[in-house]
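Same chain, two partners: subunit A is paired with subunit B first, then with subunit C.
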Partner chain A sequence: MTSTMPDTTAAAPTPKSPGRRTDLRSRGEPALWGLGGALAIGVTMILGFLALVLANGIATFIPKPITVVTEIGGTVTAGEPFRSEVFKPTPDVIAALSPEWQARIDAADGFARRTLYRVGNFDLYGEDFRWIPDYAVATFAQPKSLMFVERMEWGPFVGTVKGFKLDGADQIFTGLDDPKFAKIHDESRARAREIRTIERSRISDINHTLESARLELRKIEMQSGRSSSAYAAAEAGLTSRSTALQREYDTLAAEVQKLREANATNTLTLADIGGREKLIEFSALVRLYPANDMNFVQKLRVYFLRWGEFLTGEPREANTEGGVFPAIFGTAAMTLLMVIVVAPFGVITALYLREYAKQGRLVSFVRISVNNLAGVPSIVYGVFGLGFFAYVLGGSIDALFYPERLPNPTFGTGGLLWSALTLALLTVPVVIVATEEALAAVPRSMREGSLASGASKWQTIRYIVLPRAMPGIMTGVILAMARGAGEVAPLMLVGVVKLAPELPIDGIFPFVHLERSFMHLGFHIFDVGFQSRNAEAGKPMVFVTTVLLIGLVTIINATAIIMRNRLKKRFAGSQF
Partner chain B sequence: MNIKAHAAVRLDNGFGDTVYHERPGSGGPILAIDNLNLWYGAAQALHGVQMSVEKGLVTALIGPSGCGKSTLLRCFNRMNDLIDGLKITGGIKLHGEDIYDRGADVIALRKRMGMVFQKPNPFPMSIYDNVVYPLRVAGVNDKTQLDETCERALKSAALWNEAKDRLDHSALGLSGGQQQRLCIARAIAADPEVLLMDEPCSALDPIATAKIEDLINDLAGHYTVVIVTHNMQQAARVSDNTAFMYLGRLIEYGDTEVVFQTPKSPKTQDYVTGRFG
Partner chain C sequence: MLKTFAGALAVAAALAVPGAQALDVDPALKDYKKSAGVEGSLKSVGSDTLNNLMALWAEGFAKEYPSVKIEIEGKGSGTAPPALIGGTAQFGPMSRPMKAGELDDFEKKYGYKPTAVRVAVDALAVFVNKDNPIKCLSLTQLDAMFSKTRKKGGKEDIKTWGQLGATGEWATKPISLYGRNSASGTYGYFKEVGLGDGDYKDSVKEQPGSSAVVQGIASDKFAIGYSGVGYKTADVRIVPLSAKDGGACFDASSDNAYAGDFPITRFLYVYVNAKPGTKIDPLRAEFVKFVFSKQGQTGVIKDGFFPIPSAIAGQDLKAIGVE
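On to the complex of A and B.
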């Protein structure tokens, strides 16, 4: 400030000289920081979620060591340490503790730590898990002889192998590398698989044939009455047929019985940490491993065997163990069926709205309504799907085409088709909006060029507009697919079940059974996590299934994106 | 020079009469525009345009921006039909048939009128598919015929030598000038009677422009060409007749040499000498 300036300017803010840097507000950097920060928060949340799910999901199948805990009172517990937490023991519990533990708990504001052990042996203990507070522990040990046994029933067993029987003869257990042991196990499992095949396919075939013969008879009865000659002939046919089938069934049942008896002579005697013995058949043994005596390769082997079982096997133990193949299959089949429905439906609607309908109030209203459909709670779609698709449409189909099966519903209840249609309805706004955007983005000059060449409006749409819009349309379909594959709530009403006995596609004519209910990964997560006997046991499965569902959605989307990019290239290049 | 006498048309709002002194073609008029008025909603874009396009000649439409020359050109193949709220009175006759007749077949009309647009608009397909597109949409699938047409159209559009070795390449890989010549080839592939060009060179560099102008000169005679242009030198170079339009009215329509050298209307005089526009 120079002395020639009047005093009044001294208090006024210094005028900005032209050489000064631009004002921060006008440069917009703070806004940029805000925007970047918001993006960072969003990305962090998503990555954090993915990391949590992946870490838990991937770790689930790693074989963990078994710890033997001896409590001060003498109780011995063997189990996998599952998780630990702090808790507040009640005053009378604290009062009974030794003075040094009392002091430690006091120092921690009355909190103590406890660990949850997966003890298994549900058939012996009536519980799978046991909390052990730190103050109750006398000693820890990890004996090498302890085995973790996965069984077909009752969940895992933790304990030691006492001995086993080969064809009824007692054998001494020398170790898992005993070739005799592995041989019995393989043979018993093979027999169990054979029993399953016989029951699942051959006996089921007999039942199916018998059922269709019975339905045929019922049809004839409904058409020509009980007293007609056609009915009498059919009834006689059915009787002789069912006698033949019954004989076939008896043979198969005898075969199964023989296999069962063979399995019953090959047993394994296990003992828990307290010495209580348990006899199981080799056929019910999935695998066993010495949890505290394994090298890295052996652990890796168990890990991948478990993944293999998970991906290809069927669920057991109320879905908390075994595989999820039916759920993977159901999810994929339902999503694909949904796309087959939603893609043409959405594209045709959008084509009409954008290209043919006279743009006005009515079309605007329809467009707003379509956009708002995306905001309707998905469970409402489920109610609609059940009421309209299953009961009204399905009921009519049953009355028209399957009257002989009534009152048992065929299409008149939830099923794959109705689920796919419900989800198609749920996701159609996404496809319509994306397709409209894509159609609007096709340059006017292209349409004019085509029309001026003497093409009709439809030819212009078919050869010029649709190919140009196809990548955008595909984007809409991909979004719809991602939304549909992850949706659960409406499916619970229109066709998803906890355990489906049959896949929707199999070898029985007509091969694709759209009326069948199916399993779904999303519902599987809900069921295992919150509906099972033991939520604690299901928790790891929740994470693994979530990983799988995310993986499946990613694979479906990636396939669609690759297809879209191929199309993009093709339509940008040469084609007619 | 044979100057045809024409009945004077009275224009409103003190625009005076349209002045006519067009050069007649050997085949007589192909397009007759009779008192054409056009409204975009409430705004009138064409006021009582009356003129005839002579067969086999190149007719240029000039005038300042917004004078209605493109609108008039787009009336010839009914491209304006796509616009909502369009209203037309008067008529346009192609060989004596009213193209705005209720029963007129628009698609058939557009096949008789090839059109080239301001910006090159090749379709995102191969060069070959672009050229034969008008035939394909007309239902021609005979490979020999398509091949012959492709070669003929590309030769006529002076693109054959550059494109013959890459007919199956994407048309989007061509340069701007080549793309516009491809569009000309596409426009003439279906052998139209009239070729409509809406400022075909405005997006091109001078060399590409010169090529297109040469092409127009070559095409004249085979085709009747109507060209809208902003560039008066271009109009003078390529056209036989020139129509000067101003604010939706046809001010002067006549022999190009006369219009540019001794215009008969003072408005034309002002425009061609650069006093406005």
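On to the complex of A and C.
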């Protein structure tokens, strides 16, 4: 204070008023503006990111109208307008245009506009998207008869319905409200689902029994050799069993064949805008809608049906279509498994460090090491997980418990368990640090009170300290979970794959298959965005999947936060 | 490499030249018939170019055998040999043939060499942005653009589009180069055939996936890059190529690929651990059979590559002891 006084008086003679400046600074005004500005920038960036993802992701499934473009040369294209941009046509292109267009392009400084149409029909055209510049267009039209057809294979079809066949007999297509049309579609889809159930559960059971019998035989062979009596008995058993199973399999296969044949007689003839026809089975038809002839409710219905398919379906066509259910399931299962591992480990470590260990050089060294662990790049954890968990631990498990399956690895390759353990390692520092802070925040007086009443140290920790530290511990676990659910890089090494429709939990003993590889939403985003054949069609799916991943993390976090708040309330009354 | 490719196809090409417009599989290929008792799990580790194709085959195969578990991993052809040697994968898809060193490593462990199954034909396309005016490029010019060693004998380093004859705003614009990362078989193949085993320039932007190369070119007007023909989108254009300066230019069409006219045509492979003279297990055998069936090769068309003629399919099936 005394040192600034002469300063102010010295500055007083200048005509400008430094007094106000000092005033501002002393009120902390610049710092306030700086902090507020930083916050505003941060919030804007987050909101902008969320808005971008949400706007793109939510709009993806809205059914769009189909435009028929007739070009001046006579070429006709039908498709959904996808996006448009301005570009600079080359001089020779401009020279060939009509004077009117030349003048228009000239007026726009040599720029013209073009639009990208999603034309579909990849099986007929060999391309799914086409650019059409405005100057090439003769007429636009939006005929009501045009249908957008979503198929199981080859991506969408844009065109008209020529007719359909019911049990092999030709029918005339009068419109989508024809009850016969809806009926065969439903029946065909039901048959397709039945085929799937038979194949998925019953045939799969037979194959599974056969395979385990074969493995059992191989095990006996490895233990007692080919010439032993046990092997001969087991071999005879396998032969008789496999004949019985084969018979059962044949009946089921015949059943499936019958259903397939029934489906083959119900077909739909589609024609593209140029009149080229394409025959598809009703069972391969996901849905079709007249894109230019729908009211709001019908559009909404298609929109929600598409969301439903996306959330509950399996991926098709190398992940670019269909749903992401296996990825949702895999992400959730892996995150939960990780929490089950990381929470006890982190809490126990922190308890020891804070409550039992003698505070000294060694403990602070351990603490620094733990904090440093949080800064190790995640891919390093991935390499460690692959090298240690999968190859060393998994390899030994295979050699000990599954020798009959070798050389095919069971645990000796990436899988759900190894991924969860790797992520647990990655997130354990977060839990340790948070738990230590929470333990430190429990007032000393409470511990002393407990000890004075005759409780042992463990009883004090168990009944006094831990419950009060619980909300803080939960915060650590929530942070760990959020980090774990969004992490992709290490998972690519230890168990996440592009395609694994088999869920890690199913009806086959032992029900939970920790050794299985799984799909993950984060990796799905990477895969669809950077690895799919058609990057253009994949882009909207990237946004939808991102929305989903953000949603999933929000749900997991919200659940944990609600749990934490309940805990907090429970102890709110007992705090002094 | 190029010669062996052309030679292998020369016999088959005459038999099966698909139609010019809608590509179709060789009618001599068989329909897939499923057999009983196929169960177990398959894992494929390898090429990123073949990633989608393997996924399509896995989907088709899983339709026939719902209880078979198939996992696909595709981070680059370089990851296939270690996975096959370590036994962590049954299939090693690769977009280039194995190198001598990789073959030796495999032989050291198993006593025989892995078997290469040729599953599809790919014209390794050179992509430019859709607005690019370039009509044709020779391999020599490509080498002069991508390589700092210029083994193909280009006289000067090509740095701008003007050096390739482009006019107007293109004349002074520098060429922006896109390529694959070094784990990729596409990287290796382009280096061998396109650059004559020379070195890439440091300015080549290495991308983690085939599709990423195409996306990069789509958003960068002055870009050029190489990737599998199946990854073409509406935002990029494939440049016709000639083998020599001033030679005839060929588009990356299926006909030119089969005839061997397109200068950087290659086979895509799946490597299998098959002991010569023995039959491989039914699960893998059925998968390879599926790949060479009508359904499997339709998947190749679906993914934008060119299907294999039945003559080659027959040879390769025999090589792994499958009838």
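Going forward, the second predicted complex is superposed on the first by the 543 of 576 C-alpha atoms of A that agree within 3 Å, B and C clash if a C-alpha of one lies under 4 Å from a C-alpha of the other, contacts with A are read in each partner's own complex, and residues count from 1 in each chain.
In this section, a contact is a pair of C-beta atoms (placed from the backbone, for glycine too) under 8 Å apart; a residue touches a chain by one contact, two chains touch by 3 or more.
In this text the structure is predicted, and so the values were computed from the model without any measurement.
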| item | value |
| --- | --- |
| Partner chain(s) touched by A:F543 [first = subunit B, second = subunit C, both, neither] | neither |
| First, second, both or neither for A:F411, with subunit B first and subunit C second | neither |
| Which superposed partner A:S453 touches (first subunit B, second subunit C, both, neither) | first |
| Of subunit C and subunit B, partner touching more subunit A residues | C |
| Touched partner set for A:G126, first subunit B, second subunit C, both or neither | second |
| Subunit B versus subunit C as contact partner of A:S445, first or second or both or neither | first |
| Touched partner set for A:Q359, first subunit B, second subunit C, both or neither | first |
| Intersection of the subunit A residues that touch subunit B with those that touch subunit C | none |
| Residues of subunit A defined as touching subunit B within the complex | 359, 443, 445-456, 459, 463-464, 467-468, 571-576 |
| Residues of subunit B defined as touching subunit A within the complex | 77, 79, 82, 84, 107-108, 110-111, 113-115, 117, 119, 121-126, 128-129, 133-134, 136-138, 168-170, 172, 183, 186-187, 190 |
| Of subunit A, residues touching subunit C in the complex | 87-88, 90-91, 116, 122-124, 126-131, 153-154, 196, 199-200, 203-204, 207-208, 210-211, 242, 246, 249-250, 253, 316-319, 406-409, 412-413, 492, 497-502, 516-517, 529-536, 538 |
| Residue ranges of subunit C in contact with subunit A within the complex | 21-23, 36-41, 43, 48, 51-53, 55-56, 58-59, 62, 65-75, 87-88, 90, 130-131, 133, 168-169, 208-212, 214-215, 218, 230-235, 302-304 |
